[in-house]
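Two complexes follow with chain A in common, the first pairing it with chain B and the second with chain C.
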Partner chain A sequence: MGGRVVKPKFTVYHLFLAIPVLYALSLVIFPLVYSAAISFTNWKLGIPTYEFVGLRNYIDEFHDYRFWNSLRVTFLITAGAVPVEIILGLIIAVLMSHQIKLRGFFRSILLIPLFTSPVAIALMGEVVMYEAGGPINGYLKLLGLQPISWRSSATMAPWTVVIWDVWEWTPFCFLIFLAGIQAIPRVYYEAAEIDGASGFQIFKSITLPMLKYPLITVTMFRLVDTLKIFEIPFVLMAGGGPGIATEVQSVYIYKAGFRGFQFGAASAYSMVFLIIVMVIMMIFIRRVRSYYA
Partner chain B sequence: MPRRTSILKTAAIYIGILIFVAFFFFPILWMIVTSIKLPRDMFSLGVLPFIQFEPTLKHWHSELVTVGAENRHALINSTIIGLSSATISTVLGILAGYALARYEFKKWKNIDIITWFLSLRFLPAISVAIPFYILVKTAGLLDTHIAVIILHSAFFLPYSVLVLRDAFKSLPREIEEAAMVDGASPSTILWRIAVPLIAPAIVAVFILLFSFSWNEFLFAFLLTSKVAVTMPVHIAGSVTTIGVLFYTLSVRQLLAIIPPVILALFIQRYIVSGLTLGAIKG
Partner chain C sequence: MPSENEKMENNLLNLNKRVSRRAALSTAAKVGITAVVCGVVAGVGGYFAGSAAAPPKTVTKTVPTTVTATKTVGAATVTETVTKTVTKTVPTTVTATVATTPTTPTGKLFEGVKITGATLAGGPKGAISSVLYHYRPIFKELTGADLDIVELSFADLPVKILADLTTGAGKYDFFVPCSNIMGDLVAGGYVWELDKWMKDPRFPKWDPDSVPYAVAQCSRWGGHWYGVPWDSDAWYLNWNMRYMDKVLRDKDKRREFKDKYGYELNPYKWYRDRELTWQKVRDMCEFFTGWDWNEDGEPDWGMIMGLRTGEQGTFWWEPFVAPFIVNPGPMMDRYHNILYYDPETMDPLVKSPGIVEGTKLFVEICTKFTPKAALTFTFAETWDYFLNKQKAMFTFMPPDTFTLVGNPEKSRMRGYLMTTPPPGSEVYYDLKEKRMVEKINLIGDPAGCHWHPWVSKLSKAPEAAYWFSAYVATPEQHRLTTASAYAWTGIDPGFLSDLLTDYGGTATLADYHLPGGFKDPGYPTAWYNEGDLRRAHIAVFNNWFAMDGQYNYHRIPGATAIFTIIDTHIIGEAIAAGVPVEEALYRCWKDINKVIDDYGRDKMKKWYHDAIGYGKPNPYKPRPWLWDDRVVPKDLIFE
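Moving on, here comes the complex of A and B:
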């Protein structure tokens, strides 16, 4: 459609597109602009008036040790979780790409974490990692090992968050890599086997290079989404605890906005976070863009 | 020689898979087991009913029937909000997806609009939480279904737009072109011809959006308090009210987990392309 004839400027297709675009603009972009505006004020809930304070909120944030702590924790959890998810996802995908019995059943089991509410995951952590009498510490004790302070130790806590993020998202990586592997033409593998290549050689020279696009996509999704992690630190770690050991960016901003009710300051914090996330996204989106053309 | 290695290899593959499946299934299994344990067995390490502990359905009965009003309320809210927001996003996604698949926009090219929708997918929820809270509060819509429905439908819109564009693009143009020659308008062609042809993809997108809305926590938590609380908000609050009554907690968690997981099993073929917004074909 859309042939060579002279067309009116505004077609029904423009209308089709305009409705969803305006919906997203007014509900997502407008709030962002509003938030940017508030970020230059000292608005606090309960105080009748507020005024323009320029960059005050931003300067204050860069002098706040909790901001730097939160940034460190966010990147620590991301750096801990994402590589593990990708590597485990790859391993499971390679294992599941073989002709095995019950493959559909195993795949269905691995789907569960992906469709489980993150709050339920956090509460699952609460039950299975219950320190005095929960199953994991119970089994460790049976094996003669020391129980682990999953939630009460400030050094352990970020890693507990990593474990549950890995539990939740490895299946996502697995599914995408499996789809990628299944799209590789069989002849490549047959040729390699005739040449007597070992399993590892096949993986390194065929599977991995052919998984370039899935790898870039998965890395982008996981990197950005782990930076935004909220429910597990917020629910399982009771608001980023112990202390501020798991106070990731989303929790830090949440507390400033909805515990301190400093809407001005919290808006500034969320703008800084938005910029961080968008910069990382931009690095990837240029490459990913071409898949949609 | 080749046969022996292949037996060993097969064994290694099965063992590897079973270890991973055990890791991912253990917490779920533990919830199921805990939900049928008597209070006195709550901290027992057994997982085998009848052998290691005496199973009971009384927690399920009380959480669903006798004292289950709050659970039922939250389940109904999640269903209403999930169905409504998925409907809105799907309809809007059909419109934009079809336009992007079938028309070449000039000023902003299709790929730019697509990239724009894709970038919305990566927006941190927390950065729109504060302005949205203020707007909803000012509009007097705090703790209403409509506020959560609007927010979810807007926030998950990129999925339906991009996935459905993909589905429309995979349709051969000839059918639509023939209809156009017969004088059918673009809207007739869209709703009467194109939409029925991609019905499976539309159902898959709808289920995906329903699950996202069902599982979403931050917005639902901020915007609801009593009347419109969804399942995740309800169970997050359970910890403070019921403490370490893990059997009760387990029942509630499973109630939150089961609906989206069951639905997901029906759309397996679409999950990969759905979750990556069409970047990877499943």
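Moving on, here comes the complex of A and C:
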């Protein structure tokens, strides 16, 4: 049955397909490929010529103690912030799913951090956590407690970042979980109530399993987002300070490029970080698949 | 005609139709290529459209007017003549064609020319940018040229300027950045040499001889001028005279100091006699830490500095350690007048015993006698802590301190600000003999940004750009600018002509709206108190013209990266994280070496030699130390 090749007709369907393709090509593929290309060079801002240096940028990075420090800080902040956001978001969502007084008002208030610019949040943090007389330390002093070195202590600083990240993103988790809870058919709860199940049993046996997919989605989003965190360490902690106590990967890469003017090296660092994040997500997705299989 | 149902069915069929992979890729490629071609055509069209006539715009004109006001001062009614600057918006439609060269003078030198200047974001009344806004209408009036001002944040300035130059975009005709990118600008061949215009009678005359050596070095390279010097930035030591004098008059406190440290507390005498050192400052900081000397109910501190990482931390450390390592001498050679590198090997001197000693003292003051909150302080917070809250006896800051001290919104110390050049050291490391020497060593400091304009080689109107820059640097305009006569300019005094006539300059008390005789008309009539002003000018003179030696500002390519390295390891790690000083300096040494090797050690060596005038005689010759008995209480100098 030899057939002739029929050329497909160009339809409006193809035109609509062009928009995301163009977006992907110009804003994702091209920068990625270009960045990968210059990661093998010694391109510096201000020097018009550059040379191919092979894997030198990558090797130098692995020998740089600040790279390992920034990975440690990034993972520390992620491990501290993401579970707290998810648990807190879930608790608030469960509470808000009940009929309580002023539920609508509380829901609106709780969503405010989500719609606030991260830079504004960081600047607010500067005021609120001003160590020489801000409101938090002021109240601690009134209570007879020692003021806390929120931003000047290398030990405390990463946890300050965690606090503000939790404050900013818990509403996101709450919103997704609330939508998930509201999608659970009432009939399951009614059946459980008839069978005399306690609140905790209902939560454990009905709510939590039914929130399986929202949980996976939220965890994935928050993991990737927190690994890429930038504004709070950069603005609130003045570029990853004190010292390099909150110098996360994004700040480390930024400094290499825009303070050190080493665009070739910064591209290499960002490639490495991209691979790290991809590997983490692949492991996460595989574990989730095998767990739910 | 197909029926409605048939039409709907066909549409559904079309939607459900599967497109083959080959067809999809083929279509995507066609769309992509079309988009690229359209983009190129649009870009080319835009390039040619860029040389069309400028759009019409509204011109804002600043008009000075004289207003006579009656004011009650004390018990008397005083008539004062106050010159106020009134800003009027004059709607004038200006449509000018951008010329490639200045037009021949039919009236004004640069009629019809438009230039763009990039500077620090601060608005019409902010630091540095206020200078451009103030002189824009004057520039237009005198030359016929228009000035577009582009404001960039501190972090963006060097990146955007270098990106503009490296890519050849040429958006900026001139720029006023921090001088730490001077090496990148000059060594990269991106800016014009100015010598020919300096001799040209068409351009405003500024006086290079009035410019202090160390400030000039921030605009000069290999003996030629590349930038026009505007700003004489330096870090000065300040103390609160209100409470210092109280302690000095308290015999018990003076005895307590002497019992603890073995010598008399005598800061004014030390300054007068060129004996003020960091070691003595350290003892004084310790003495003033932990008790309530300002009677506000809380214990106070000896020192306050803005130690926030990512700010200008290097500029606190560099002038502090300079007297521990800079060996003054008549030649710019391997052992004299240098701070950063061994000129023969480009080995960073940051691990040398002198710098280790200095850094240890610096870290001690910053960790024991400075509040921990200082690690989060910006400049504004530091000034507030010192000038307004008055909770630290000393500060070590740029000269804007003596601009702000007179403003009651920012300070409660008007009339009580003592200013001295950076203290020296009682020991320093002899680079040739390779040993520590016990001798007081006073080194002037050019720390700070030094905001100077540079004319881009990509400019289509470089002469207009130079004209503007030179005009601000002329003696009269520079005096007004450093006196903050029209706004807080952030341009600091340092030229000889900026100083009061009593101290060798051309400024008078009338320039500062001061009546003389140490009478204080108050703010806003006079931004400065006469005592504060005189003490500041004396310190400025001594710092730039009378210290034992000077060092060159760090301005080879890569300086920005090196400043970040120092800031991270010393301010960040040694002070904030408690990393031992030797380890922090070793990390600096390692990272700085990497920067040098990245650029090429031989290239960096050549640039360094050109930058400092290696092998040539040292042009700096110290003048006699300046002192004025009138500016400090005579009874507090204990002979």
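By definition in this document, the second predicted complex is superposed on the first by the 270 of 293 C-alpha atoms of A that agree within 3 Å, B and C clash if a C-alpha of one lies under 4 Å from a C-alpha of the other, contacts with A are read in each partner's own complex, and residues count from 1 in each chain.
Please note the rule applied: a contact is a pair of C-beta atoms (placed from the backbone, for glycine too) under 8 Å apart; a residue touches a chain by one contact, two chains touch by 3 or more.
Predicted, not measured: the structure shown is a model, and the values here were computed from it.
> Mind working out whether A:Pro242 is in touch with chain B, chain C, both or neither, as first, second, both or neither?
After superposition on chain A, A:Pro242 lies in contact with chain C alone.
> Which holds for A:Ala154: it touches chain B only (first), chain C only (second), both, or neither?
second
> By the touch definition at the top of the document, which applies to A:Val21: first (chain B), second (chain C), both, or neither?
It touches chain B and chain C both.
> Tell me the contact category for A:Gly89 with respect to chain B and chain C: first, second, both or neither.
neither
> Under the stated touch criterion, which partner chain does A:Lys44 make contact with: chain B (first), chain C (second), both, or neither?
In the superposed model, A:Lys44 contacts chain C only, not chain B.
> Mind working out whether A:Phe258 is in touch with chain B, chain C, both or neither, as first, second, both or neither?
Both partners.
> Between chain B and chain C, which makes contact with more of the residues in chain A?
Answer, by number of touched residues of chain A: B.
> Mind working out whether A:Glu131 is in touch with chain B, chain C, both or neither, as first, second, both or neither?
The answer is second: A:Glu131 touches chain C but not chain B.
> Which partner does A:Thr11 reach: the first (chain B), the second (chain C), both, or neither?
both
> Considering only the touch criterion stated at the top, classify A:Tyr34 as touching first (chain B), second (chain C), both, or neither.
first
> Taking the two structures together, which residues of chain A meet both chain B and chain C?
11, 13-14, 17, 21, 126, 130, 258
> Show me the residue ranges of chain A that touch chain B in the complex, using the header's touch definition.
So the residues of chain A in touch with chain B come to 1-2, 11-14, 16-17, 19-21, 23-24, 27-28, 31-32, 34-35, 38, 88, 91-92, 95-96, 98, 100, 106-128, 130, 133-135, 138-139, 142, 167, 170-172, 175-176, 179-180, 183, 199, 213-214, 217, 221, 224, 227-228, 230-231, 235, 249-250, 253-254, 257-258, 263, 266-267, 270-271, 273-274, 277-278, 281, 285, 288-289, 291-293.
> Which residues of chain B touch chain A once you look at their complex with the stated criterion?
9-10, 13-14, 16-17, 20-21, 23-28, 30-31, 34, 43, 45, 92-93, 95-96, 98-100, 102-105, 111, 113-115, 117-120, 122-135, 150-151, 153-155, 157-158, 161-162, 173, 176-177, 180, 185-187, 190, 211, 214-215, 217-218, 222, 231-233, 235-236, 238-239, 244, 246, 249-250, 253, 256-257, 260-261, 263-265, 268, 271-272, 275-276, 278-282
> Contact residues on chain C for chain A in the complex?
14-15, 19-20, 23-24, 27-28, 31-32, 35, 155, 158-159, 162-163, 165-166, 181, 184, 188, 308-311, 371-377, 381, 385, 557-558, 560-561, 564, 568-569, 571-573, 575-579, 594-595, 598-599
> For chain A, which residues are in contact with chain C within the complex?
Of all residues in chain A, those touching chain C are 8, 10-11, 13-15, 17-18, 21-22, 25-26, 42, 44-48, 60, 126, 130-132, 149, 151-154, 237-245, 255, 258-262.
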